[in-house]
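Got a structure for you, written out below as structure tokens; questions coming shortly.
Here the chain labels run A, B and C in written order, and each chain numbers its own residues starting at 1.
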Amino acid sequence: MTCIADFFTYETTKSVVVKSWTIGIINRIVQLLIIAYFIGWVFIHEKAYQVRDTAIESSVMTKVKGFGQYNSKVMDVADYVTPPQGSSVFVIITKLITTENQTAGLCPENDMKYACQRDENCGKKDTRYGILTGRCIRYNATVRTCEIRGWCPPEVDTIPAPIMHEAENFTIFIKNSIRFPLFNFEKGNLLTNADPNYIKSCRFHPVDHPYCPIFRLGDVVKMADQDFIKLANKGGVLGIKIGWICDLDKSNDLCNPQYSFTRLDSISEKNKVSQGYNFRYAKYYKKEDGTEYRTLLKAFGIRIDVIVYGSAGKFNMIPTLINMVAAFTSVGVGTVLCDIILLNFLKGAEQYKAKKFEEVTDFHIQAAASQSQELYKSNTTLTFRSEEKQSTDSGSFSLGT
Amino acid sequence: MTCIADFFTYETTKSVVVKSWTIGIINRIVQLLIIAYFIGWVFIHEKAYQVRDTAIESSVMTKVKGFGQYNSKVMDVADYVTPPQGSSVFVIITKLITTENQTAGLCPENDMKYACQRDENCGKKDTRYGILTGRCIRYNATVRTCEIRGWCPPEVDTIPAPIMHEAENFTIFIKNSIRFPLFNFEKGNLLTNADPNYIKSCRFHPVDHPYCPIFRLGDVVKMADQDFIKLANKGGVLGIKIGWICDLDKSNDLCNPQYSFTRLDSISEKNKVSQGYNFRYAKYYKKEDGTEYRTLLKAFGIRIDVIVYGSAGKFNMIPTLINMVAAFTSVGVGTVLCDIILLNFLKGAEQYKAKKFEEVTDFHIQAAASQSQELYKSNTTLTFRSEEKQSTDSGSFSLGT
Amino acid sequence: MTCIADFFTYETTKSVVVKSWTIGIINRIVQLLIIAYFIGWVFIHEKAYQVRDTAIESSVMTKVKGFGQYNSKVMDVADYVTPPQGSSVFVIITKLITTENQTAGLCPENDMKYACQRDENCGKKDTRYGILTGRCIRYNATVRTCEIRGWCPPEVDTIPAPIMHEAENFTIFIKNSIRFPLFNFEKGNLLTNADPNYIKSCRFHPVDHPYCPIFRLGDVVKMADQDFIKLANKGGVLGIKIGWICDLDKSNDLCNPQYSFTRLDSISEKNKVSQGYNFRYAKYYKKEDGTEYRTLLKAFGIRIDVIVYGSAGKFNMIPTLINMVAAFTSVGVGTVLCDIILLNFLKGAEQYKAKKFEEVTDFHIQAAASQSQELYKSNTTLTFRSEEKQSTDSGSFSLGT
């Protein structure tokens, strides 16, 4: 029974209350700052009362529209967008260097680096367009170059090619569905409260049409602080970022996408070595006799990466409780600072020390133990030696007869 | 020496032990709740004794199998899967609108929106299939439409096309290797303890065959709560999610993939504007005379995104220690609540206050200081004025002669 | 006024200072360990004074170079790299099984599993290469097999094909731009302080050329601990990981990429079922009469996944303050351990308990309350019954007349 009674006790710290204006005001200001930090930053700004879902599930579909004219031919989406599947990463080709009717075989290099007089001038290594055979053959009436085995004739990519200026007016339609699995919350960037006709005909504008899902390529380039002519000429990578930062405690209508635009390969431009963005691909054909030939295309273009990011928060009891407890206990942290001030810099610091600290030494303990034995023996004499000896000897309190 | 002795001291708080059943029981219940929270939630549920690796490395390979019949032609994987590389995102084409033998040139629009009488009716803007030349030309015996420059003849995508019903029986084989770099733990979704013949011939079923890596497309559609006919007709994006949530303290055999299925673009379906998923691509051909022509394909299909996520945990000393310390110190947090009850709502609250709080004021300090000086002077008179004045004057204890 | 004065008070815990060498040394050692942990691990190793950005933005462009010879034909990048766009995931084809001139139609199966005598031996299900028509037809002079509807003639992939040995010398140029949006910090893997000629001609080496952006495929395979011949023959997935772990408090020149190489599908190799990496694709051709035919290619290759990860840290006041407060308060946690030692295992533990704990019971409170009333009544008699009864009866201190 005593054991149970001993168990159901409550232990709380003994406190010293200092009634001093100086330290009192400091204490309350420090506490106020801590509370203000928790309420202002942790709760209101960081929304610590919410549980957050950052594992956003996203699906992006894109569709480019527009017609360009290049080399007196009309180019449509199937011609200038690659890959064609309408995924989140795609290239809009703005410049093409076309080498038609290449067949596998032997031919002279067209790079004058490989000009030669005799076979001995030609090694056996790779050139840009094929493998040297080691022979020096006639390139034209006057010049001989090393022979290569490869796709012939070799590409000539030194002649400047025009860009497809119409690309500036191409439009990119982005359909983005997101889901926060933790809250089973779904939303799309085609806002359901928007007029279907509006969505079909609008053009994105950061201020006037911030939720329009159709982007003019020229605008995207401009919003990423780039120059269209330069970009179309050398190629580059633009990012269209869609941010979904949602507070699901508020109305769902306020959970809307935020679009931002950036050039993703901007740093590479500072290096002279390899600027821009281009790639080579080929279209393969066959003659009636079965021999294969191809059209090699060196394509410069604007690669668009649609990047979706986001997080959603919703009120939840557990983080709220944890953070409130953290807030309450943190208020006590101010004590560390105030103790330093109280015990060191305040007038009467020694007295405060004497009040706060109670000293006990090995010696005292042993003395008290022997005394208490003595007490039992000679019960008549009132011998009381206080073991309450303040740590700083600020005053000597001895009680004896 | 004294300095060193002063340094090697130990400071602990002086505590008041309240032997009261009421507050004792409240105290122990609060402590029990806190301990239960830490053991039950933090340690057992959240596995706070583990270090977690969420940076899962994953590699996905896919292979679709099956034959379809479309427009009286047999379609195999090379025909209906794009891109063909077996990556984690691919499209299974279920419907095709084919426009054969398109050549770059001039032709009348086939959309009756562009019907015209005179050249003046035709502007110079883009239509869906080309650029208006500004001329009004004969479309058929009775109708004249505006002339376009583009790929001719233009596509007609208003005629309903059938779907490839066999697609429902296509199978998707998914090979997924994952690695948790922190623990250098590797595993694949082809479980090594499974029979190779089983893996080759099984079909995934959430209950009967949860670790079979072969998925029937019709089942995937059904498990994502979709209707195959509708989906195949309009196109859509399905997600096959593979979750690897592993407790590496247990046997590796228990670290298995969990498959789940969802429609990723479901929200877009609620909007009337742009439903489904389709894209256009072209196959290019050349005639013997060198003129290029193409087959334009508008493909509707089911895009599959294989999404791998996961995290693994393993026992580690550092988080265990940190969380145990957090648990121990949090037990003390109950004091805040108990103090409020003890000092405000309990019978005898004033007395408890008097015991817990020891008051010291500027005045007292100064008084005590002057007294102690007095004491030294007149050592014979026993003048003792306790500065132990309880903060709440609950009782007046004065000891004097 | 009193109310305000009461508010501006400061409450601090009353402490017991134990002047014992044993517990003093234990105390200081525990505190030292905690401080060492915070300074060494939390601040220096974990850089808790920094704010971290893990949402790295990255853009990857790749370009493969080199010529291979396969089936006595020279293969260039447009032939063996797919997809061609220079994205972060691409395949270098190392082995090809080519089936030319396939047309849609009817033909006998070439798999001897489908050898037959009569139509009854042939079902109506799918084979690997087409749909059985249910007829048994002549395959060659001696053998009859079931007829299939599909692309004819069917592929024969059982004949061993050579690999393209030159692939070992192909080079992969990787251009990677990253950005830490929180700090608006950009960097690329083409280090700006590097010589452009060096960047053009170097080859990556983990020790000698750790920042060279050009990787020889053979080296990548070797650094991932793989055998090139085996890998090229069966196909596989390699990861080139680029890590950007940056301390932005230091010079930007120290924020450099770290390359590492791994085989991503290594675990799949342990399973007998489906080893390696291959996929089928087709090139489509048309005859002058309009009939379509195709070349089916079964490609084995090395898929390269360029994976960029990273995080950057920079000094920030908020985490510094929070962690310093955490460090200071954690020093107090040592008290828990020391209290256990002090109150249980030390010589004189009972006396220490008596000093630390002050007991107060329901009864005492009530007694004290009644006594204090008595005191007021009979002010002459000095009746003082201390409610300071130590919790452990280590000594009996009674003061009375």
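Annotations for the structure displayed:
Here is the rule we go by: a residue touches a chain if its C-beta (ideal position, glycine included) is under 8 Å from a C-beta of that chain, and two chains touch if they have at least 3 such contacts.
Note that the structure is a prediction, hence the values are computed from the model and not measured.
Common neighbours of chain A and chain B under the contact definition above: C.
Two copies of one chain, chain B and chain C, form a contact in which under half of the residue numbers belong to both partners.
When the CA atoms of chain A are superposed on chain C, the rotation angle comes to 120 degrees, reported as a multiple of 5.
A straight line joining the Cα centres of chain B and chain C is 15 Å long.
Looking at chain C, residues 11, 13-21, 83, 285, 288, 355, 357-358 sit in touch with two or more other chains.
For chain A in complex with chain C, the touching residues are 11, 13-21, 23-28, 82-83, 89, 91, 104, 126, 129-131, 149-151, 237, 239, 262, 264-268, 270-274, 277-282, 284-286, 288, 290, 294, 296, 303, 305, 307, 309, 330, 333, 335-336, 338-339, 342, 355-362, 365-366, 368-369, 371-372, 375, 382, 384, 387, 391.
The touching residues of chain A, when paired with chain B in their complex, are 5, 7-21, 55, 57-59, 61, 63, 66-67, 69, 73-74, 76-79, 83-87, 100-101, 173, 175, 177-179, 186-188, 190, 192, 196, 199-200, 283, 285, 287-288, 325, 328-329, 348, 351-352, 355, 357-358, 394-397, 399.
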